[in-house]
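Please see the structure below; I have some questions.
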Amino acid sequence: MQRHLISAADLTRDDAIRILDTAEEMSRVADRPIKKLPTLRGRTIVNLFFEDSTRTRISFEAAEKRLSADVINFSAKGSSVSKGESLKDTAQTLEAMGVDAVVIRHGASGAPYRLANSGWIDAAVVNAGDGTHQHPTQALLDAFTMRRRLVGRDAGLGQDLDGRRITIVGDILHSRVARSNVDLLHTLGAEVTLVAPPTLLPVGIESWPCEISYDLDATLPKSDAVMMLRVQRERMNAAFFPTEREYSRRYGLDGERMARMPEHSIVMHPGPMVRGMEITAEVADSDRCTAIEQVANGVSIRMAVLYLLLGGAVFETKNVPDTLQTRTEEK
Amino acid sequence: MSKTLIRGAKVLGGEPQDVLIDGRTIVEVGSGLSAEGAEVVEADGKVLLPGLVDLHTHLREPGREDSETVLTGTRAAASGGYTAVFAMANTFPVADTAGVVEQVYRLGQQHGYCDVQPIGAVTVGLEGRKLAELGAMHESAAGVTVFSDDGKCVDDAVIMRRALEYVKAFGGVVAQHAQEPRLTEGAQMNEGVVSAELGLGGWPAVAEESIIARDVLLAEHVGSRVHICHLSTAGSVEIVRWAKSRGIDVTAEVTPHHLLLTDELVRTYNPVYKVNPPLRTERDVYALREALADGTIDIVATDHAPHPHEDKDCEWAAAAMGMVGLETALSVVQETMVDTGLLDWAGVADRMSFKPAVIGRAAGHGRPVSAGEPANLTLVDTAYRGSVDPAGFASRSRNTPYEGRELPGRVTHTWLRGKATLVDGKLT
Amino acid sequence: MDTQAPDPRPVLEGPDIARVLTRIAHEIVERAKGADDVVLLGIPTRGVFLAQRIAAKLAEITDRKIPVGSLDITMYRDDLRLQPPRALARTEIPGDGVDGRLVVLVDDVLFSGRTIRAALDALNDIGRPRAVQLAVLVDRGHRELPIRADYVGKNLPTSLRETVKVQLAEEDGRDTVLLGAKRTAPGAQQ
């Protein structure tokens, strides 16, 4: 793995499986009386959130605290630094306080990439969502959820998602979740189909490693997992679709549509759900919907990522050994 | 006034000749000219061109002197081989009155590095609603003939029509920044494969092409000439080619960066590549080179757009758009057009001096290198290759996309009406 | 690989290993007075297999099923920052937990004692045993912490320039303990 986690596209198949396997072990900590590991004791992580995102911030914070890291929460929202120009100053200020890693959420696509590559700071950078670009830990927790449900908790260890058919539905254009998932799921061998009205698909999407469809009903019967993306009501005003009613009729998931999915298939949602728009309450509350599970899995994935980025020695990129050493005997 | 003999210069890339300057004028061009009483510059096979003319420069003064001033900008121009630059109107205050354009014009004259020909705004405050006093700017000491809201598009079709018509009265031209505003709301880069991947707002080619198509038709309808700024797409080339074939009086410019760079560079999220119009695809780059070679695109203009460091040392979305270009333009043109065999040096003189002077009506510039002409000249060491070091720029700003890139050619001397402004690569 | 180093030589073979494990099982029964409340926790990777083998022997002796699990100590190591991140192994605590019970930690080689220190920390986060004991197949000396084993398969005096390698059928296809010369790997200070 590299020093930073900026994009799901940067992960090799081996990297991704290592993270998923590590997360599987991390998830067991949640079952223990003391939900804490001493691993990142003395390391300081700052959660630098330029955008509101309570759930992602809390998930990272829980992961950091379970690994015993010292956590600083920095919310730029509403303060004088909510303007992008001061990202550099803010980051440098935090680094001067001895921060080992920066978990950053930013409204501007590429901000984490800039932070990691501009020479502003030395700390490891974890992208917690940037603009409409990437949200790699979300893709990892989604893949983790799929592997658990579709392959199995123990059976899944060391496995990818080869041949699984994943359908992602909704506002692909504005979705960092969709971009990250397409990259990661492709790396893991899954077959991805994106379903949306043409207005909500980006120009240039033909180069993505996935299929495109405008027809949800044709896609559902051949899906092992269907991921519904949030569709913001404001999009309506920009003429991306005519009305909420028409959107949900053509692209929303209701009980009737869910019944046409294969028996084993699951419904996923990165949250927050807009019930009545892309998903009905009936589907959201059904056993097949993994939305709550995804939240729990998010903590395990973020623990795994932070452990793999910070839990070992810091190596120059060129010196990082190709393979992880397995635990050797005491000798 | 003193005499200068430029010995053994390949005039417009031809056979080596001597060129004798007396005072402000070229007095003789030939072989074995006498050096008596003259300072001798051994050209030693370097290429001698007429002083370059840039129809599209942002000098930032008044208002943004932290990024450039008329002094630093004209020094940069002289360094790059330019003897005349047209200064865009998007200053603070906007150059939409006779007062502002005269001030900029006088600063240029006063510093003496390069003639500054102000461009007047088409509309008051660049707001696109009300025509600025175009006639007053023309009649001012600055003698404005080129009008542009550059940075913004004159998107209202009626205002554009009126402007095209109005400037006919004094032989003016409207230079359009072709960008349909609604189609480019939130635009951050070229819309296509790379923007889809990077999640940056797309600036579609059609937003440029639709305005160009409209404006050439408007120009035809009212019988005016129109100039298209920084044309950037293969589709725009097709429209201009079609318009010219119909006899429409349209001229077009391309920037050096659009001849060389593509949107793949945006993958670095380094705002030094953020520019408007955005870097396009490889296909567009080749179409632009071909169009410049065949004359569909008339000229190269730099769109020199200085920005202070902090406006580029940030995340992409927060960064300012634009690149400096005066000091690298000729090198990029040599790299993309001359060294590729698309254009000879006479062609470069045509695209970077003769034609821009004609379009902008820059008297005394863009003249042949022959006896009796004003001694506006630039001498280029075309054999030179070196990497670009922004620290050596005369411009106040350093926002070049070429830092560290190896480029051919180096301007060693520039003469403005016989006075050397650049000698051996050093400003006088 | 340092080609100068002589081939490692076996110091315990399959039958020896089986014999010492049987002895350890008997010692546990004796010292734990019937092993009523014993829980065996192996330290991955090979400690887990040894724990399972000892549990099987205990079951033979006591005619009862002895709870056995695994305790991964990776996240509790004191040398995490000296190496790239290590892969995690499984921690599997038997259903009834460890509270109030006699936990016997099982590992293959006891050397510096740092693994066992980490194991005690890990155990502390899982529950509160009545007592903790340690069983190892080989004790090669050179302790760096005040830790000793309660059950030792073989005491093996070694020099720091030697390595001890345990191979078990479950993982390596055969049972043996090898004593060899240390490879001169850069930075290997273990």
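For the reader, a short list of remarks on this structure follows.
Going in written order, the chains are labelled A, B and C, and every chain counts its residues from 1.
Note that contacts are C-beta pairs under 8 Å (C-beta built on N, C-alpha and C of every residue); 3 or more make two chains touch, one makes a residue touch a chain.
The structure displayed is predicted, hence computed values, not measured ones.
In terms of which chains touch, the assembly is arranged as an unbranched chain of neighbours. With every chain reduced to the mean of its CA atoms, the largest distance from chain A is reached by B.
Chain closest to the overall centre, judged by the mean of its C-alpha atoms against the mean of all protein C-alpha atoms: A. Centroids built from CA atoms put chain C at 38 Å from chain A. Per-chain Cα centroids separate chain A from chain B by 46 Å.
Chain B and chain C have Cα centroids lying 76 Å from one another. Of all residues in chain B, only 188, 191-200, 202, 204, 268-270, 310, 313-318 touch chain A in the complex they form. Residue ranges of chain C in contact with chain A, taken from their complex: 44-46, 72, 74-76, 80-91, 107-112, 114-115, 121, 125-127, 163-166, 190. Only residues 1, 18, 21-22, 25-26, 28, 32-34, 36-39, 67, 307-309, 311-313, 315, 320-321, 324-327, 329-331 of chain A touch chain C when the two sit together in their complex. Remark: chain A residues 83-85, 87-88, 106-111, 113-114, 117-118, 130-134, 176, 179, 202-208 touch chain B in the complex.
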